[in-house]
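These are the structures, in structure tokens.
First chain A sits with chain B, and in the next complex the same chain sits with chain C.
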Partner chain A sequence: MNFDLNAMLRRHGLVLAFLVFLVGVALNTDAFLTPGNILDVLRQVSITGMMALGVTFVVLTGRLDLSVGSMLTLLTVIVVDQHNISGPFPAIVMTLIAGLAIGAFNGLLIGFVRLNALIVTLAMLSFLQGLVLFYSGGSNVNVQNAQSTWFAVFGRGNFLGIPVPVILFLLGAVVAGLVLQFTTFGRRVYGVGGNETASIFSGIDARWTVFWTYVISGFTTAIAAVIMGSRVMGAQNTIGQGYELTVLAGVILGGTSMLGGSGSIWRTVIGISMLGFIQNGLLLLGFPYYVQWLVTWAVIIIAVWIDLGAKRGRIFA
Partner chain B sequence: MSDMVLEVRGITKTFPGVKALDNVSFDIRAGEVHALVGENGAGKSTLMKVLAGLHRADGGEIIYQGQPTEVSGPLDARKKGILLIHQELSLAPELSAAENIYLGAWPTNRFGVLKKRELRRNAKSALEALNCGFGPDVRVGTLSVAMQQMVEIARAEAFSANVVIFDEPTASLTDNEKTQLFHTIRGLKERGVGIVYISHKMDEIFDITDRITVLRDGQVQGTVETAESDLNQITRMMIGRTLDAYFVKAEANFGEEVLRVDGLGKQGLFKDVSFTVREGEVLGLYGLVGAGRSEVVETVFGVRKADSGRLFWKGGEIKLPSPRESIDMGMALVPESRKEQGLVLMMGGRENTSLPHLSLFSDVSVMNRTKELAVFEKYRSALSIKTTGPDQALSQLSGGNQQKFVLAKWLCADPKLIILDEPTRGIDVGSKSAIHELIADLAHQGLAVIVISSEMPEVLGVSHRVLAMSEGAVVAEFEGDAMTEENLIDAVSHHRKGIAAE
Partner chain C sequence: MTDMVSTQKKNVVHHVVSWLLRNHIWVFLALTMAVFSFASPYFLTLNNIGNILTQGAFIGILAIGMTMVMIDGEIDLSVGAILALASALAIGLQDHMGTWPAVFLGLMSGAALGFVNGSLVALSGMHSFIVTLGGLIGIRGIVFVYTGENALMVQDFSYTEIPEIYIGPLSLTAMLFFALALFFQWVLTSTRHGRETYAVGDNIEAAHDAGINVKRHKIINFTICGTMAAVCGILLSMRLGTAEPNAGKIWELWTIIAVVLGGIRLTGGFGSMWMTIGGVLTLAVLRNGLRLLNTPNYVELMVMGAVLVLALSLDKLLNHQEDGR
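On to the complex of A and B.
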């Protein structure tokens, strides 16, 4: 029975640990498991969650997108600045186009030129951070008519008592999940991630498949930037810093394999929500906000360890 | 000479859902070659992995040199003198032969610094004992597969192994290299090493082994003296029935030309390759590994690019296609390596079957699951594939059942031409003859079939016409009575000699 316990812990250990944590926080604080706080957490994870939806596509092909953090910064600066210059609607359109374009550029280098995804997106992270400063000249931007613009709805609005960003995130999750599970494109993503060579031998154009996953990642990051700009009604030059790791942590915490080919959107939704509750719980327990960075580290290590451990287990069982 | 070096008693090993080894007992004597045979999934590899310390058994004991022994890991096994030579070689291509022989057990001084001279000297004598023909300093990545295997075997010398286990050692060797390997094995045997020999190739087993142990479904079916047994008996023990017709050839009834290849060439791989194949015809492509056979068909299919040459499909010239275009025209390629090229092993049978034809299995880009399941069930019963369900990961199936899914994924779209690259490599006798029957059946239905094989009886047995390839060129073509083993050997070896003379 020893074996069964091990297998059970492997599969559900993280969720169990999470439940223990939830109960622990709930017993030590009053506010934790209240509807208001839960909606708060969901509102907070809606931005990283939205980004994680796109990044899930990329990770499923066995690749990475580390550029989403500074992409979020740049796109948030763009949406806020353009809101002041040309109004909310053109600002949103421009932001989405910019996100698609950056994603396409990543996709071109990784899918077609076949450069290493880690290097390409890490370089893009740096490039975009520089671009932010070029664009903004180093100063922060703020929405000038913050009180009167309908742009506020994306980050601050409520619909039937539920925050609009949460609705956007869940809606995005449903669409992304449907695309992955039920369309030919989704099947190609899993195919390329599971075995790229065999997929090519099956007539799948891996170059385009990889390309589109980065375009999707750019697109979801652009939507996240709209939510972010709307919520903050401004943008600092470092607003998205570190988000790439939080997003990645959420994806792999959910159980999507870094090696590609296995995982899903609902796993990402769970993973990113767990991360949100952990951070919120730590704050409520009185830990300083930067503890979340330490926790992110631990979560990444543990999740990757479980992912690879499950595979290694087959050799040394 | 008959003292036991290694004995296993009542070994049991269970994986989730499968009893891989069920109370298995057998023994290895010093100076004997002991064959371990069985269909895929019979438990041979698991048993060997237990001996080599890669798996831990759930029950039973290992008696090594008269003592009950625990093997804690591969390195421990090697130090004790039990050496496993893998089907897929386990060498570091960037390191030298000497470093590879002692991989993970390098001689060091007490500061952990590598004793290079000692390493080199010991490796050199191990290589010389085997007559390897290369020195300890050569980088392993530059050696041929056969020579790399010698590096692994040299470990037996270096660690004075008492037991050496060969797992499908001839899978990618030429006939000459095989002879050389057998010579080496006999040398080890004379020095009193106990050898376990795992193979699917019956001629080799009868050639080199002293005793044969047959495994089926994780249980020992029996151990026999090789000299007192025959193929029929072993086959019956392996699959529980006899195979009457090993090869079936489709009646020759040819229709229109389906594919014509004219002067196909690719620098460094093959040159001026021309052939045709007609409806209802099985064209054999024989050649040793490295002759360029796979490269040619992969180019025709579109996963490789060519420098020159023309392609005609059903009489009309076409430009060299992409894999997508080939598939849409009605071409199918069952590739050489089913694990790397053929299947997405973490997916189930349903998703693998539809993978090359996503547009056929979808309505406006939305997958049609009902259709997928219907086709999955159709081929599961038509090819009698053993799987627990449409979504059981193919990594959990035996080689033969995996290969059947590779066939299913291509057959389900009714191809006009199917290319089978080593379709029976590494699969068990039962699945093998099922695939031979299938080839005949496909030709009978009017498909054009190209079969690549390095097993001569197979290529002669199933084909109507055979092309011999050597060093990237088609060197001969045989039909009818001219299709004999001697002719094929002559064609290939003459060509090689001719090249050597130039």
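On to the complex of A and C.
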């Protein structure tokens, strides 16, 4: 048996630190490590988690998607409004199509026109928020028959005692993970992120690869919007504001590199869940709400720094 | 003799054309202003121009710091949060220690947070996007904890009259913006720190090999950026007389939009304050003009997005920008 403690600490130091935190909170409160609380936290992170799955693809190619927050707002407004107009099934289909279309537009500008991803998605953030206000006329929308519609199952339902959004999130994670690890497309994503020029010389069409990552990001955001609409049974005009940063924080916290080429879906699942459990744990310990944000700051810095330091072999640059 | 004159003339034309190609935002600004002056009778009045300059100056002062950081090839997402903290401190501490010490401490908080950002970027080697994204979340948390989630009101209303100094249509805020922009343009072109900024942004390895202390250099620029954010926050608190915990939310995005509109690239090593001023004014003119035309809020947001993509495509077309990231 060759057990290399050092290498293991490097690879899984973040997860170990997280486990220490979990045990620490559990020892100080009774409510933390109960099945009910764990499922609550997972349900809370399922929406950001779902979005983070798609964004992981984008980040793996070394790009960014800041438009997912506004996109979530728009798609939630669409799904709720269309639910009133044409019923749940058409509403969901329309939302998914809209998500794919917005993603494709992002992908077109970034993959094919080769514009800067940060700026394009920043522009989309503004544009889509405008579209939301245009579509809704500035008023909030609500599902009218909230008590009787089967649409409620996505956000509020339970299957075998597990909340449906959690099942959707984990299912999505498994599918996304399989796609990344075992398909040609997955390997292309890593290739483009690792070294774009080299990937092009090896016959990978980087344009299409980048294009599809944004389509995937739009698709997962659409699913998140369905969950969100079903959970809230309504949509405000700013419901997704700031989500892009939370999602990105989760992806980065998991250790997926912003430079691209390194990271994975399970890391994103860990990162997003960590954010959720840290926030929940701090609340249960009785800290004021906004202390979470301070701790999130510290955790992001420390986690990414440790990750980077381990790869580099020394702490300081 | 005539030959020389004609070459000189050609040189001047060439110079002007190449300046306009790099600073195409000024052409766009002139066009926008022309359109709005035809579309609205209120646009081209001295009063409205003064308004535009004052409104633009807040994002403008943030954009000055952002420009320094961006020429370095970095980015600062935490300016909105730093602004909120500085304005909260400037108003919250007044009752305990008087106006100017409170303002000074507000400024120092910005400088300190900028220093922290810069040190983290320089020492850890992390991407500044991550570091300042963390800062954006955490510093906003500090603001909420400090203000107790309430808006702080100024007790002594003479505080709100401090920036009410005008030269013609030009307010003190606008004057401060232009003065700071010109000062940092001077820093960029005529000081060692300025030349090092371009060198670091262009090729950090080469800059390091040439003997530039890259770490110290980055820390200085992030400190400048934090300080500018604090200046903006304090001016905002003077203008409003209150400090809201949500003040400056997503202003970092507007700032980046202004700077990029100006033609400065995220890859670094390129740009000037002229571009930033152009971008800031264009943004301000667009927002003001659309409001004067009585367009709903969503038009402003959609136009801004479209213009940003347009500016980016134009820059790529005119200056053959390569990297698609």
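The rule is short, and it goes like this: the second predicted complex is superposed on the first by the 268 of 317 C-alpha atoms of A that agree within 3 Å, B and C clash if a C-alpha of one lies under 4 Å from a C-alpha of the other, contacts with A are read in each partner's own complex, and residues count from 1 in each chain.
Just so it is clear, a residue touches a chain if its C-beta (ideal position, glycine included) is under 8 Å from a C-beta of that chain, and two chains touch if they have at least 3 such contacts.
Quick caveat: nothing in here was measured; it's all calculated off a predicted structure.
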| item | value |
| --- | --- |
| Contacts of A:M50 with chain B and chain C, given as first, second, both or neither | neither |
| Which of chain B and chain C A:V120 touches, first, second, both or neither | second |
| Partner chain in contact with A:L109 - chain B first, chain C second, else both or neither | second |
| Touch count on chain A, higher of chain B and chain C | C |
| Partner chain in contact with A:L282 - chain B first, chain C second, else both or neither | neither |
| Which of chain B and chain C A:L96 touches, first, second, both or neither | neither |
| Touched partner set for A:T183, first chain B, second chain C, both or neither | first |
| Chain C-contacting residues of chain A that also contact chain B | 316-317 |
| Contacting residues of chain A [partner chain B, same complex] | 7, 182-188, 190-191, 194-195, 197-205, 261-262, 315-317 |
| Contacting residues of chain C [partner chain A, same complex] | 120, 122-127, 129-131, 133-142, 144-145, 149, 215, 250, 253, 256-257, 260, 265-266, 296-306, 308-309, 312-313, 316, 324-325 |
| Chain B to chain A touching residues, read off their complex | 15-16, 54-56, 301, 303, 322-324, 326-328, 333, 335, 340-347, 351, 354-356, 358-359, 362, 365-367, 409 |
| Touch list for chain A against partner chain C, complex | 62-64, 109-110, 113-120, 122-134, 138, 241, 245, 248-249, 252, 258-259, 288-294, 296-298, 300-301, 304-305, 308-309, 312, 316-317 |
